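The next part holds the structures, each set out as structure tokens.
Shared between the two complexes below is chain A, which has chain B as its partner in the first and chain C in the second.
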Partner chain A sequence: MNRIPLRPLARILHARQVGENPDAIERENLRIRHEQMRDKARQRAEGRLLVMGVMFFCAFAVIGVRMGHLAGSEPMEPRAQAKGASIAAQRADIVDRKGRILATNMETHSLYAHPKQMIEPERAAKALAGIFPDLDEARLTKDFTGARKFVWVKKKISPEQKQAVHDIGEPGLLFGPREMRLYPNGKLASHILGGSGFGREGVHSAEVVGVAGVEKFFDDQLRDPTREGAPLQLSIDLTIQSAMERVLYGGMNLLNAKGAAAVLMDPYTGEIVAMASLPDFDPNDRPRPPVSGSPSDSPLFNRAVQGVYELGSTFKIFAVAQAMDLGLVNANTMIDIRGPLKWGKHRIRDFHYYGKELSTTKVLVKSSNIGTARLAKMVGATRQQEFLKSIGMFDPTSIEMVEARTGKPLLPQNWSELSAMTISYGHGISTTPMHLAAGYAAIANGGTFIKPTLLKQGSPQKGPRVMSAETAARARAMLRLVVSHEEGTASLAEVPGYAVGGKTGTADKPKENGGGYYEDKVIATFASMFPAHDPKYVLVVTLDEPEENTGGEARRTAGWTAVPVAAEIISRVAPLLGLRPDIEPVQLAGITLASQ
Partner chain B sequence: MTEMVYGSAPVHAGEPVLPKWWRTVDKWTLSCILMLFGVGILLGLAASPPLAERNGHAAFYYVKKQAFFGGMAIISMFIVSMMDPKTVRRFAVLGFVAAFVALAMLPFFGTDFGKGATRWYSLGFGSIQPSEFLKPGFVVASAWMMAAAQDLNGPPGRLWSFALTVAIVLMLSMQPDFGQSALILFGWGVMYFVAGAPMLILVAIAGLVVLGGTFAYSNSEHFARRIDGFLNPEIDPTTQIGYATNAIQSGGFFGVGVGEGQVKWSLPDAHTDFIIAVAAEEYGLVLVLVIIGLYATIVVRSLTRLMRERDTFIRLAGTGLACMFGVQAMINMGVAVRLLPAKGMTLPFVSYGGSSLIATGIAVGMLLAFTRTRPQGEIGDILKGRGRL
Partner chain C sequence: MRFLIYGLTFLSMIGFGFWAYRENYETQAALSEVGRLQSDIGAARERLGVLRAEWAYLNRPDRLRELANLNYDRLQLMPFSSDQFGRIDQIAYPQMTQVTEELEFEGTVELSSNGGQEP
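Moving on to the complex of A and B:
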């Protein structure tokens, strides 16, 4: 590069001679050099900007060409329905504990159209409207004659319908294989299974996704191809479930109840052998969630795991058991039950007058609110909370259903002495029937808390100990007395040979808009175990607003409503469960016992 | 007498603002932008009802929001485009500093809206994504530094701007937001290129990009999955790309008709990242080509006007803004047609999104301000050139 030096000596000397400032020469040279530089930079930038402009233009052109190429090609869906594109069973079956099918898949077909390939779109539309009354002919004609290349006609069609469509002879009508979920038992165990729907859909397959119940909870597992379609085995027994639902349904109708729920649980393994919530639905045709009214009145609402209710006097056994476990009382300690028990403005009353004092056993047998409240006072609010927490009354149950997470118990915000007293007889705490079953299971299995589960278990669970085995045995003996004692509230639960033990609970229903309780609407519950001396099963039956009208006045207490229903369930179910009735044969006809 | 006492009344020698603006602004670019905005509303009508339904709003809730933010964007665009380059530079640099601080504070005060990347400030009534506003400010600030570096005895502006770029890219990658950091890097690279980058360095940068890409591929699962999905020739029809491809195919040349599209019901990002697929399905190739044409016109026309620009700063800043705008559109559409690996990037002025709309409005306003016709002193140059010879 040939640049003029900034201070050329000749010019500087000359300037000095004539008396000019030589710095001006430097400034002038600097300016010239600067301008040259800028000119060069500008020219270079011009060239580079041109390159960029051309590059951008080309890139946009490429995108445009690619768009055109894509737009000109056929959609992928028609190509995918080549021969042999049948789909294997993707979603695993669900079976009961004995391997009987609860949910399986059925291959059906979907119907779609390629209007571009249609010969007589109007005739096809008319014929289709004839085969499927729910399709609108005008709409189909519009779809078939429009610009669309692909139209879904029906998502699921039967083989007969498929043949009828085939007979139209229209080449533009095509079928795609489609797996659909089938619940062969209809309404049976509907709340447990939940239901399923279509997720993402293509022509040659559609994803079946669980929308509720175990179908949703185990959705990933059921769809997991690595499990190779191994069925999901539940702890449910289809036969027991069926018998229980039947009896519960009959009982609900007989007692004019709005709803009912029942849970049958194995207290050692935690398995739920049967669980029902009425009203129910058919998972093959799952109704839409209600848009108006309370969601808890919908058939989709699972009362057994979602519904939180004040379960009333069924909670008394927890207060009694804890007091005994702490050594505060024994079965025969006399407890003052003079009422009403005043606590601030609050008064605790009994249903009947039971005298001045009762033994602990009698407090439970006769269901004295005052008696249990006094026990709760002895135990104290803190220890009561610890105990109820240990038997799972503070958190939603961990049962494998998506709905269970919403069944969060309602607890008092401030657990005062008064709360402790009311909670001892089941008021001021709302839990689901499933919680109650788990709590009774702890008494039934000898004092350990186990988590209820819907999956078949191989062996008994080991849970944390919540009370001593002796306390549990004493509590069971008391529960047996509630049934077997002639003054017991659950005397109607006596099923010959099965030694039922349990506790009733009748709680007034709180008004929906808050502010007090209904006088004439109750939740009647019977929590039981059988046989009481060595319980194999725990059964909780809850009826919503039952009313027994055979007597003169309407009877709503659990002893007249939930108890007979539970007794009927036990008498039906116990033989099916393989329990042998423990009956002394009166006389063995024609046989003489050798030892006598 | 009055004049003798108080001096003569001040007279504005210059032209009034509006006529001058109208005379000098690039009307082609301006009309293309307004048309793009119209297309955005049109596609919002098609693409956003499913989203509104999912979120429980009235069908055209998001269209109304889009129109509102679009109006604000247009207004800010007009205001910015009426400023002279010096004012633009001042405001842009101030805005850049503010956005930079906001970006740096994101890890402490930002929210991720459950999407796994902390990119937003939640303001109760809405949210702000600082990186959107950072982009135009960054371009202007960098252009200023680079232009200063071209003066003899000027500061080392290129080095400064490079350090700034690295800092921003690191902060964005931490969010992580690889798309925006790639855009920032690209903007700086383009300006450096036009400012006269030596060829050797260009080659070195290309090598670095390849290395960085390899590093990200082997170290970021997120990134690797996207690339793998791109390299895999089989399109799974149940992926976003599969749906988009299908939509373009079923749209054909003239589309399936207004409101008849299906893709918007299956794609969660139909109103943002894949809006071009909705356009292709409902209106066909025709509208897509129009949209591409609009973007191409804006970018290419701005670049040609900047070729004549003699002020280094204006040239660089304009280039950066135009290229960033164009590349964002290109990436968005390139993803939909599987020319590029999946990368969430909005289609400027068309996709739904408040922050992005307003930030784009400001950026385009700056671009318009920089591409206005102004005396370039050609005659003076020629005379000077003669004198010099």
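Moving on to the complex of A and C:
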């Protein structure tokens, strides 16, 4: 490097000659040198900054361009990854417990139009109206000849319709691939499955989204591509469901009922093997929700899960079981049933006169309101609340359907002693048939509360204990007597070989506008388990406004309506469930009828 | 020496370039093959889905019930009931004469080398 000396000899000598300070020359040179160094350093720093700036600009430009490209382009299936091969973009199937299809997908086509590309819009509109009778020709003509650039004509068309539209020969009519949800079994299990519709729609594809039932509850899971199209397996058995729906439908028509519901449940695993609510609908063509009238009259209304009803005397077993579990009474304790039982200005009466006193077992067998009200008085309102809460009567059921949370039980605001007494025989508390099935399952499985579920389970649930196993066994023996004893209210439920045990319940329907109960409209319920000595299944059948007219006068009690329907369901379904008819053990947990 | 190094570097550069070119084209070919296979798989899945849906549709309980009713004269199918359960000792043991009759063959039977035995 060529450096300028700080003290150049010629200039120093010259300065000495003229009498100047030679140090000034040195300082001057030093200053110049420093300025040069500073300029050089600045130039270098500026250069570096420029390079950095260019690099950052390039990096951000690359990211920006890539982002813009990703946002602006159609998504592509990743082809280079090894795992990409297994991505299934379809909505997963729903299958029953034996793998039979309940819901699957079908490829179909949608029809849309680009009016700007149309050659003869009027002719096309006329031809389309001929192919699809539900389309309005005038409206189509207006759409095709107006300023619109894009018109949806039909969301789903069949292959025959596609060919017919193709034959019109109009270049402005275009088809897009479209996936649709298919329920091959039609109306079967319609309330469980719910239905589906289209979410975001494009020309090349459309999202299929669940709108009700398990389709909506498991929507995310069904649409999750990482599950690789693994089907959703429900606990429902297609054969059992079909047989149950058919018998229930026949029973509903025969008994002139407005609606009906039935729940068949495994009391150990909590699996719902079949669940029906009538009237029902076809999920392939799900009707729109009603805009007028009571929503509970719509076929979309699921009586088994959404309908909260006072289920009447079926609740008596809970009062009896709790009183026995607390050691207040045993099966043979005599209970005073002289009536009417007065509480304030209210009076509790029995359906018939049953005498002065009855044993606890007979209170249940003959269904004495006064007897259970006295038991409830002994138990007390607080303990009754705790017990009913422990068997899930306070909250909506946890079943995997979106409708379940609307089935919230109706409870008294002030749980007085009178409430406790009426609730002991099922009045003043409204629950769904599903709640009742879960409560009976606790008795059937030996005293543990289990949550009903629609998913296939591998093993029994371990729920909290709500009563001792002995109490549960005694309660089961009593329920068996309700059916097997000649004075029992459910003697028509006897199915040879299946030792049905259960309790009837007939509750007057409350008027919609408040102000008391109808005198000629009831909800008839039969809650049962079979075989009673070793329950394998719990069945709850509810009929809405049934009327049996074969006798002289109309009979509405559950013993004449819900019970025969339940018996027919059991005799049809039990063999299909693989239950062999069995000879019942003679002695049922040491129960005797003391008042005989 | 320097010339040799330059030469080798130049040649290896050409070699690598050629290799990269070939790899690129092979990858592209493999990718398009994968794409073709996947669209085949997709089409096969779609066909399978249609067949499964059709199978489910044809086997729906309503249709089977109707078919059983229509063909009652020939098949005499009734709903399954509890009196149809039997015990294993209700089934008669097959008699030996029937078995031997069934085992007699008409004509010669060719056996494969795996299952056959030398006489």
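One rule holds for everything that comes next: the second predicted complex is superposed on the first by the 493 of 596 C-alpha atoms of A that agree within 3 Å, B and C clash if a C-alpha of one lies under 4 Å from a C-alpha of the other, contacts with A are read in each partner's own complex, and residues count from 1 in each chain.
To be clear about the criterion, a contact is a pair of C-beta atoms (placed from the backbone, for glycine too) under 8 Å apart; a residue touches a chain by one contact, two chains touch by 3 or more.
No experiment lies behind these values; they were computed from the predicted model shown.
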Regarding the shared-chain residue A:Tyr498, is it in contact with chain B (first), chain C (second), both, or neither? second
Which holds for A:Arg338: it touches chain B only (first), chain C only (second), both, or neither? neither
Please indicate which partner A:Leu188 is in contact with in the superposed arrangement: first for chain B, second for chain C, both, or neither. second
Does the superposition put A:Met106 against chain B (first), chain C (second), both, or neither? second
After superposition on the shared chain, which partner residues are touched by A:Ile63: those of chain B (first), chain C (second), both, or neither? first
Touched partner set for A:Gln90, first chain B, second chain C, both or neither: second
Between chain B and chain C, which one contacts more residues of chain A in the superposed model? B
For chain A, which residues lie in the overlap of the chain B contacts and the chain C contacts? 77, 80
Within their complex, state which residues of chain B touch chain A. 150-152, 190, 193-196, 235, 237-238, 242, 245-246, 248-257, 260, 266, 280, 284-285, 288-289, 292-293, 295-296, 299-300, 303-304, 306-307, 310, 312, 315, 319, 323, 326, 330, 333-334, 337, 339, 384, 388
Going by the contact rule set out above, which residues of chain A touch chain C in the complex? 77, 79-80, 84-85, 88, 90, 100-101, 104-107, 182, 184-186, 188, 238-239, 242-243, 246, 495-498, 571-572, 574-576, 580-581
Given the complex with chain B, which residues does chain A contribute to the contact? 30, 32-35, 37-38, 41-42, 44-46, 48-50, 52-53, 56-57, 59-64, 66-68, 70-77, 80, 146-150, 200, 202, 207
Residues on chain C engaged by chain A in the complex (per definition of touch): 31, 34-35, 38, 41, 45-46, 49-50, 52-53, 55-57, 59-62, 65, 79-85
